[in-house]
Structures are given as C-alpha cells and as structure tokens.
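Labels for the chains are A, B, C and D, by order of writing; each one numbers its residues from 1.
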Amino acid sequence: MSSSLRPGGIGLRTWLFQLIFESDTRLAKSFDIALISLILVSVTVVMLDSVALLRARHGELFYVMEWGFTLIFTLELALRLYCLDRPLRYLKSFYGIIDLLSILPTWLSLLIPGAQSLLVVRILRVLRVFRVLRLMEFLGEGKILLQSLRRSSRKILLFLFTVLMLVVIFGSLIYLIEPPEAGFTSIPKAVYWAIVTLTTVGYGDITPLTPLGQFLSSMVMIMGYAILAVPTGVFSAEMMRSIREERYSDEACPGCGHEGHERDARYCRRCGTWLDEETPDPHGEKRGDEQTATQ
Amino acid sequence: MSSSLRPGGIGLRTWLFQLIFESDTRLAKSFDIALISLILVSVTVVMLDSVALLRARHGELFYVMEWGFTLIFTLELALRLYCLDRPLRYLKSFYGIIDLLSILPTWLSLLIPGAQSLLVVRILRVLRVFRVLRLMEFLGEGKILLQSLRRSSRKILLFLFTVLMLVVIFGSLIYLIEPPEAGFTSIPKAVYWAIVTLTTVGYGDITPLTPLGQFLSSMVMIMGYAILAVPTGVFSAEMMRSIREERYSDEACPGCGHEGHERDARYCRRCGTWLDEETPDPHGEKRGDEQTATQ
Amino acid sequence: MSSSLRPGGIGLRTWLFQLIFESDTRLAKSFDIALISLILVSVTVVMLDSVALLRARHGELFYVMEWGFTLIFTLELALRLYCLDRPLRYLKSFYGIIDLLSILPTWLSLLIPGAQSLLVVRILRVLRVFRVLRLMEFLGEGKILLQSLRRSSRKILLFLFTVLMLVVIFGSLIYLIEPPEAGFTSIPKAVYWAIVTLTTVGYGDITPLTPLGQFLSSMVMIMGYAILAVPTGVFSAEMMRSIREERYSDEACPGCGHEGHERDARYCRRCGTWLDEETPDPHGEKRGDEQTATQ
Amino acid sequence: MSSSLRPGGIGLRTWLFQLIFESDTRLAKSFDIALISLILVSVTVVMLDSVALLRARHGELFYVMEWGFTLIFTLELALRLYCLDRPLRYLKSFYGIIDLLSILPTWLSLLIPGAQSLLVVRILRVLRVFRVLRLMEFLGEGKILLQSLRRSSRKILLFLFTVLMLVVIFGSLIYLIEPPEAGFTSIPKAVYWAIVTLTTVGYGDITPLTPLGQFLSSMVMIMGYAILAVPTGVFSAEMMRSIREERYSDEACPGCGHEGHERDARYCRRCGTWLDEETPDPHGEKRGDEQTATQ
C-alpha cells in the first residue's frame, strides 16, 4: 500500500488503517485471515449457486448468504475508504476496482433483474489470497520465482511470438488442405485447431481426415512436443541462476562502494580492496598503505 | 519402524520381529520379497476379478484364491501384532490401518453380502513395495529425489496455488461466454474444463463452440503450455543443486582459496596445497615450510 | 541485406534504399513499423474473409481492402527493386519470393477466377515481423536462444530420429493387434495414431478397443511422457551453458589461477591481482613489485 | 561387431567382411548407405501396401517389389554368413534374428497363404539406421545422450514405478466412484484411463460423468502436469553434468597415475604433482626435487 494514502494522525482512523491495510499486529493478521476466509466462502457460494440442482434445492439459502456477503463487503469497503486520506485514489487502484465490482452486481440486481449473474466477478477477489501468502513465509520463494520469471520473460515472449506465427502459418496450410467437412470452416478456426494441436492439448473436436492433413498435423504435433523444451529450458536456466545468486552478498566494497560481490569473494572485483573485515589481508598492511597512498 | 515398538527380550517374538519388520538377515529379505509377491498377486486377482468376462469364466477360482490371501494376510497381521510390545500403536499407524482394511472386506462379506467390492482397498498394500526398494540399491537415488522434492515443494505449492486461481478465473469467464449447450452448465464444471485444458490433457468432452470461447481457450492452452516450464524449472534447478552438493565440497583451499573441489580430493587442483586439515600431508612438512616462506 | 545489393551513389535511390532496407534513421524505423502494421492488417483481412458469416456481410469491403493492399504492396515491391543494383537477385531471395507470392494471387484473379484463394500465402509475410524485433531490444535474447538451439540441434535431431523409429514400430504393432474397425485401417494411419499418442496430444479420433491394444498404447503414453525429458534436458543444459558463458570469463587469474571471474571484473576476487593484462593496474607498479617480491 | 566373428585370412571373405561389416573404406560406406536406402524403400512399400486404396491400384507392383527386396536381402544375409567364421553366432545375435525375420514371411507365404502379413516385422530393420549414424558425426552427441540416460535411468525407473502405483490406486478409486456406463467397466480399464489422464494424453474415449469423478480426475491431471517435472529435472541435471564433464581430461597424473582430473586442473588432486608438463611449476624446482626425494 503506497504510504501516501496513509492517514497521519493517531486515533480511530489510524487504528482502522493498521487493522485493514497492514498485517503487523496480531489483530491485523486475524482480520486478514477472516477476510480471506469470507471471500473463499462467498466465491464457493457463487460457484455452487451456478449448479442447477443445488440452486433448486438451496436457492433461498444462497440468496440470503449472498446478501449477507454483499452487506459485509460493502461495510468493509466503506471502512477502507473512511480510513484513507485519498479514498478516490484507492477506488481507482486494482484492488479498489475489484472491491467495487464484487458488490455492485448484487446492488444492481435491485434495479435490473439478472444483474446478479455478473457476480462471477467476485472470483477475482480471491486474488487477495496472495496478500495472505505474505503472512506465511512464502515470500522468499515467491521472490525467486518472480525474479526468474522476469529474467526469462523476454525470451519466453519471443518464444510465444514464434509459436503464434507458427500456428497462423500451419492453420492456413491445413485450411487449404482439408475439406470444410472436417471442421476447418475458416482460417481462424484452423488456427484454433493448430493451437489445440501444437500445445499438445488435443481436444479432438476438429481433426484432419485426409492423409495429407494427418501428415501435416503429425508435423505440428512433433514440433509442439519438441519446442516445449524452449520455455522450460529458458526458465530452468534462469531459475538456476537465481538460486546461485542467492550467494551474492549485499554488502558494498569499503574501498570503492561496488556492490554485488559473490559471497565468497575476498577482494573487490572492481578495486582490489580486501573485503573480509574480520580477518587481516594476507598480502599485508603494505597494500593497505599503498592504496591510501595511490588514491 | 519406530524402535519403541520393538520387543526387548530374546526368543520367538524377537526372532519373528526381525523376520517381519527388519530386513538385515537373508531370511528376513526372503520374507519381504515373498510378502510383496503375494500382495502383487492378490492385487492382480482383485483387478482381474473386476473384468466381467474373466469373472464369469474363473469366478470360482478367484473366490478361493481371495479367501486364501485373506487367511494368509490375517495370519501375517496376527504375527505382526503378536511380536510387538504395543500392538495397538501399530494398528493405528498408516501401514497398520492398511493391513486391517485389506482383510476386513472379505471377512465382512460373511455378514454383509457385497462388502467384498471394497476389496479394492487392498491395492493400497502395494505401497509396501517401497519397502522392497530399500533392499535394492535404489535408496541413494530416492534420497536425492526426495531431497530435491522437499526443497522445491514450497515453490511448486505456490505454483499449484496460482494454477488453481487461474482455473477458477478462466472457468468463470468461459461460463459467462459459452452457452450451456456446449456443456458449460455450471461454474464447477467450467473449472473442470479449465483444468482439462490448462494441464494440456484435453479430453474433448466439453469444448467451446463460440469464436470468443475458442479464443479464450486458446489463451488457456498457450498459458498451460508455457507455465509448465515453472515446476520443471524449479525441480531441475534443485535437482542440479542436490547432485552438485553430493559431489563437491563447500570448503575453500586454505592456500589459494579456490573452491569447488570434489569431495575426495586431497590436494588443491590449483595450487597443490594439502586440503585435509585433520591428517598431515604425506609429502611432509617441507612443503608447508616452503609455502609459509614464500608468503 | 547483403551489402552487394546496395547502390553506390547518393540520391533518390540511396535515400530510398536507406528508408526501405535499413532501420538506422527515425524515418526508416517508421517505415518498418508502418509496413509491418499494414501486413498484419492485410493478414487479418485474409483470415476474416475466410469466415463465411463475415464474408457474407462485409465481402465488398474486404474485396476493396484486398485491392488496396495489393496496390500498396506492388508499389513497395517496385520501389524495392528500383533502388537495388541487382533487383533480380532480390527477387530470388527468400523475402523476394514471399513479396512476389503475396501480390500475385490478386493479380492472377483478374485472369483466372478463384486464384484469390491462394492469398493465404500472404501470411508468410508476417515473417517480416522478425525484422521489427531487431528494432526493439529483443536481439540479445534471440541470440542466446538461437545459440542454444544450434548447440542442441544435433542432439534433438537424434532424439526426433529415435521418436520417428519408435512411432513406426509401435504403429505397426498396433496395426497387427487392433481390428480395422477401431480405425487402424493402414500402417500409415496407425503411425499417425502413434504420433498423436506419443506426443501426448491424444485427439481421441482413433483409440484402441482391445485390452492388448490399450496395454500397448499405455506403454506408448508412458514412454512419451518420460522421454519428453530428453529434448527439454538437452536444451536446458545448453541454455545454461550459453547464459554462463555470456557472463563469466574463461581466463584464469595470472596470480592464483582462480577461474570463473565475471567478465567485467578487474581484480581477482580471490587474491586481488589485476586481471586486465592489456592496461596497467591503476594502483600502480608497486603492487606488481610486491607480488613478484613475495613469490 | 565383435572381433571374434572376424575372419583371419586375406582374400574374398576378408574383403566381403570389410565391405559388409565395417565402414572404413569408401566402398564400405557406400554399401552401408545403399543398404539403408533399400531398407527404407522396402519398409515404405510394406507401409503403402497396407493402404487398401493403394493396394487395389498398385498391388501387383508391390508384390513384384516385395519379392525383389526379399531376394536381395536373402543374398545379403547369405553373404554375411559366408564371410563370417562363426555364422551361427551371428544368426543368434539381435541383428541376425531381425535379418532372418525380415525375409522369412515372404518365403513362408509360398507355403502358408497370408504369412506375408507378418512382413511388418521388416520395419525393425530400420534399426540398422543407427549404424549409418555412426558414419555421420552423430556419435559424440549420442554418447553424451546415452551417458546422461544411463545415469538418470535408476531415478527415472523409480519415478515410473511411483507413476505405476499412482495409476493403479487412482484407477481403482475412479472404478468405485464412477458408474460402469461412463466406460469404467473394470479396474484394468480404469487404470488405462488413469494412464491416459496422468500422462496428459487425454483421448476422451472414457471420461468421468459424476462431479466426484470429475473432481478426482482433476486431481490426477494436476498431479500429472506437476510430476512431469521429475523425469525432466533428473535428465536436465544429468545432462548438465555430462556436458560439464566433457571438461575432464583423459590423461593420468605422471606422479600417481590418478585419472579424471578436470581439464583446467594444474595439480593432481590425489598427490599434488604438477600436471601441465609444458610449463614449469611456479612453486619451483624445489618441490619437484622434494617430490622425488619423498617418494
């Protein structure tokens, strides 16, 4: 949460802010966990409510629960906005929009019948779960994963780009080869088939019927099977680098201020200064003198 | 097996304990292998008995064999309990419950007809096979695998968690987009579809029919194809770390600080210094003197 | 673009050459981006035109746009040929052939009705997109990917070769085992099934019906599941090597022989020796003297 | 080819042996390539002959070609046996059996009508292609692949073993849960379904219909998706080790004869002897003297 949203004074608003937006105190942690639990239950209710059989049997209960969740979430949003100095800025943020969207459908259903079907949006609220992960010790693991993902993102983007071009080209080819009866009625549909095949999903809703089409799709399959190695290899390599770099020290060189030394380095790789301040430099005091002399 | 279950004295019970629970002696090994073989045969019989054709032809044989296995396994369980000091504690353990469950259905079928269909539980007894692996030299390999799994477990859990959220969100989206005729009759079913698609299984029992739905599922497929890189990359990196650590020492050479010596190296491969500080260099003190002299 | 195609003089042709073939100046970059955008739009029109519904509704618009694109691309090709010294050599190059093929179908449709259906070829023009990638900073990433691919290509080829032999053998086996009613009407079709199964695509258009056939295909599936590790492992290993080589120098420290310095390191992180032998150590000769003195 | 089969003298048999079994001379290479080409063509004919349409049209041609191939291969086998000292031993070897099997069906078809359908066995002859790979420079690559496979084989076997137990347990569970109408008519069939699902093949010939069954299969899918990381990670790690170990020198230490030094090692990691014979040991002659003195 950006600190600019935080109220300055001490009192109910500050107390509420710490309760709702932070998770340092025990009470704040309990609030977070209670909120996530409520979100998970409400999402489950939305999901079960979509099952015709359960709706027929427990529809009334679901309806009552739905209004209960909506009232609680509305109250929570009101409190959130109350304890912030710039409530509008929160409403425009990612979580603010989701919070608003997750209560709107129920309120709208009073005016417009059927608006409640949009309640599915509430599912996006489960993204708040990542907040709870912060409470647990998943943070370090997540950081390494994210760092590896960020590092491999450009290579994987380049890969996805190539995949996109492959499916357009192969989709067009199969559209020319196969008769429309096989289901390849248009190029976009043929491209959809190429994606289904290349990613090795293989629904089987559209399959080639001619020998030539089957030969082409065999090629697409083997290609998809083999090039899966690319994103995996890229991510594996970056993951290994991230794990290895956990070795890197955060401390700066006392001589030149250079950062990013490997943890087992003894001399700065920039200026040659002895890094381990607890033991003396085996090359002696002379060098130390010399360094101050030459600088 | 926890040693607190082990009987103290010497005699028939101790002999039985060593035979059944341990695998040091030749006889104990034979017992283990005989037991595993019997389990595999009995599981095969349960499997074959479920095939209508085979049951019609060999039903009587299967019935007799079934009772044979049950009697033997009952005797085995009785001996197990007899030679333990705290038999109840074994009955409450994982293998104890499985042992009991694997004979109960046949005995119950005397009272309640049809209880025998629960015999499938016996299949869990094949888990005892992992015991036999201990006899073979698979232990070292398994240890490295388990260590790598344990190390990557939190990252892979975080990944599975993200996958779960993705399938809920994408399932809900496709539920809104696709008409129920395509099979997306409820959100749970749509989430099932999202799992089938994201994991690249692709049954094809429920497939999108509208262009928008096909576009969305193309996105899910490509996502599932690309993020497979995450668990694989995580496990590859940890596997590599485990293999490296098994082989290379972490200690630096006391002479030049070079790292990455193989565990069995005695001299630094860079400067020739004796690495094992606990025993003296067989090439004598002279070299040591020489080194201190040159510094 | 090979420099031998480039015109020597200064004037309109040189200016055009720089605009069309190079991307150093701001105008040339804009030209590239405009061309790629136009190609993407024209490809989209070809794809949408193949959808029966959209063609019925917007067929006339698509027809007009098609001729517009053809005229622009024809003009572009004419300019390309005009500003080159050896236009024929360009026409015979990969991009030259694609440029020609992408306008021919529309022109031919004046003479031969229906030739326009070959316009799908225009999709190959999207390959020009890789040119635009050069403008963005994807080049470095692509170079590492390509290097890793080149290094693993022989191993992956050997793997694909083995896969090809496996599918021929397993396809022939299933052809012998399964009755033709299951869809295994010929060996080539059975090989197609083996590819669908081994690559884990699993359309389900042809599936084994007999127990023996299902057993055999289970073996093919597990094999396909396990040997996917081969291309991935090969590429991962090569990727890691490429990343490491990009970062770490191969040269050893002249002082202590320590290896694995980062490329931009100036002092050995082990013994503090100046690494760059071509320029003198800014900390002066003194240290150099000192080092020779201590040896 | 084991050297014990090789004829000792000089003459026609030795010349034939070198032509057929070796590939050092230019003529021997040509023979190998001609043989492989012939095998590939004959396999193609067997495959095409199984297509009903092509058989109807070109059946006579296929028949004639078939006899041509059989005569040539019979002659080849006769020559092979003629130039060997122990022909029977070759007939009992892997390639010998395949050679025999690939000509037998055609000869048998003279006696027993229909025996020709066994000609599919000839496909195994394509395994001889691996012989030709030796001619090309694929050998080095193959050696690294094989070494990595051998090293990871035990871990991957352990993995496959666990997979087998998982599919038996999950197959039995789904058999209890799902009604037989869904296709789960017996445990073996349910295990087949579990394999289809866990390996992410997903034919869709048998799919769960009940919500509980769909929940269980979702678990199997996610499990299959995640544990694919295991064989891939194992093989990646071993592959990387193999590539790194290409660094290992084959030369033995001149002091103690120890082998397996890393290529950049300067001192033997066993006895501390200076390894690089071309440049002098920087620690001087003293140590050299000392070493001869202490030995």
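Everything that follows uses one rule, which is that contacts are C-beta pairs under 8 Å (C-beta built on N, C-alpha and C of every residue); 3 or more make two chains touch, one makes a residue touch a chain.
Protein names from UniProt, one per chain: A, B, C, D = Voltage-gated potassium channel.
Here the structure is a predicted model, which is why all the values come from computation and not from measurement.
*Asks:* Name whichever of A-D and A-C has more C-beta pairs touching across its two chains.
*Replies:* A-C
*Asks:* Quick one: which chain's Cα centre is the longest way from chain C's?
*Replies:* Measuring from the centre of chain C, the most distant chain centre belongs to B.
*Asks:* Interface check for copies chain A and chain B. Shared numbers divided by all numbers used: above half gives same, below half gives different; which is it?
*Replies:* different
*Asks:* Quick one: which of B-C, B-D or A-D reuses the C-D interface, over half of the residue-numbered contact pairs in common?
*Replies:* That interface is repeated by B-D.
*Asks:* Any idea how many Å lie between the Cα centroids of chain A and chain C?
*Replies:* It comes to 28 Å between the two C-alpha centres.
*Asks:* Between chain A and chain D, what is the gap in Å from one C-alpha centre to the other?
*Replies:* Comparing mean C-alpha positions, chain D is 42 Å from chain A.
*Asks:* Among the residues of chain D, pick out those that touch two or more other chains and give their numbers.
*Replies:* Chain D, residues with two or more chain partners: 159, 188, 200-204, 224, 228, 232, 234, 236-238, 240, 266.
*Asks:* Quick check of your reading of the touch definition: is the inter-chain graph here a line, ring, star, complete or other?
*Replies:* Shape of the chain contacts: complete, all pairs touching.
*Asks:* Inside the complex, what are the residues of chain C that reach chain A?
*Replies:* 43, 46-48, 50-52, 117, 120, 123-124, 126-127, 129, 133, 138, 141-142, 144-145, 148-149, 152, 156, 159-160, 163, 188-189, 192, 195-196, 198-205, 224, 228, 231-232, 234-236, 238-240, 242-243, 261-262, 264-274, 281-284, 286-287, 290, 294
*Asks:* With touch defined as at the start, can you tell me which chain B residues reach chain A in the complex?
*Replies:* It comes out as residues 154-155, 157-159, 161, 165, 168-169, 172-173, 175-176, 185-188, 191, 197, 200-204, 207, 211, 214-215, 218, 221-222, 224-226, 228-230, 232-234, 236-238, 240-241, 252, 257, 259, 295.
*Asks:* Where on chain C does chain B make contact in their complex?
*Replies:* So the residues of chain C in touch with chain B come to 200-204, 232-233, 236, 256-258, 270-271, 294-295.
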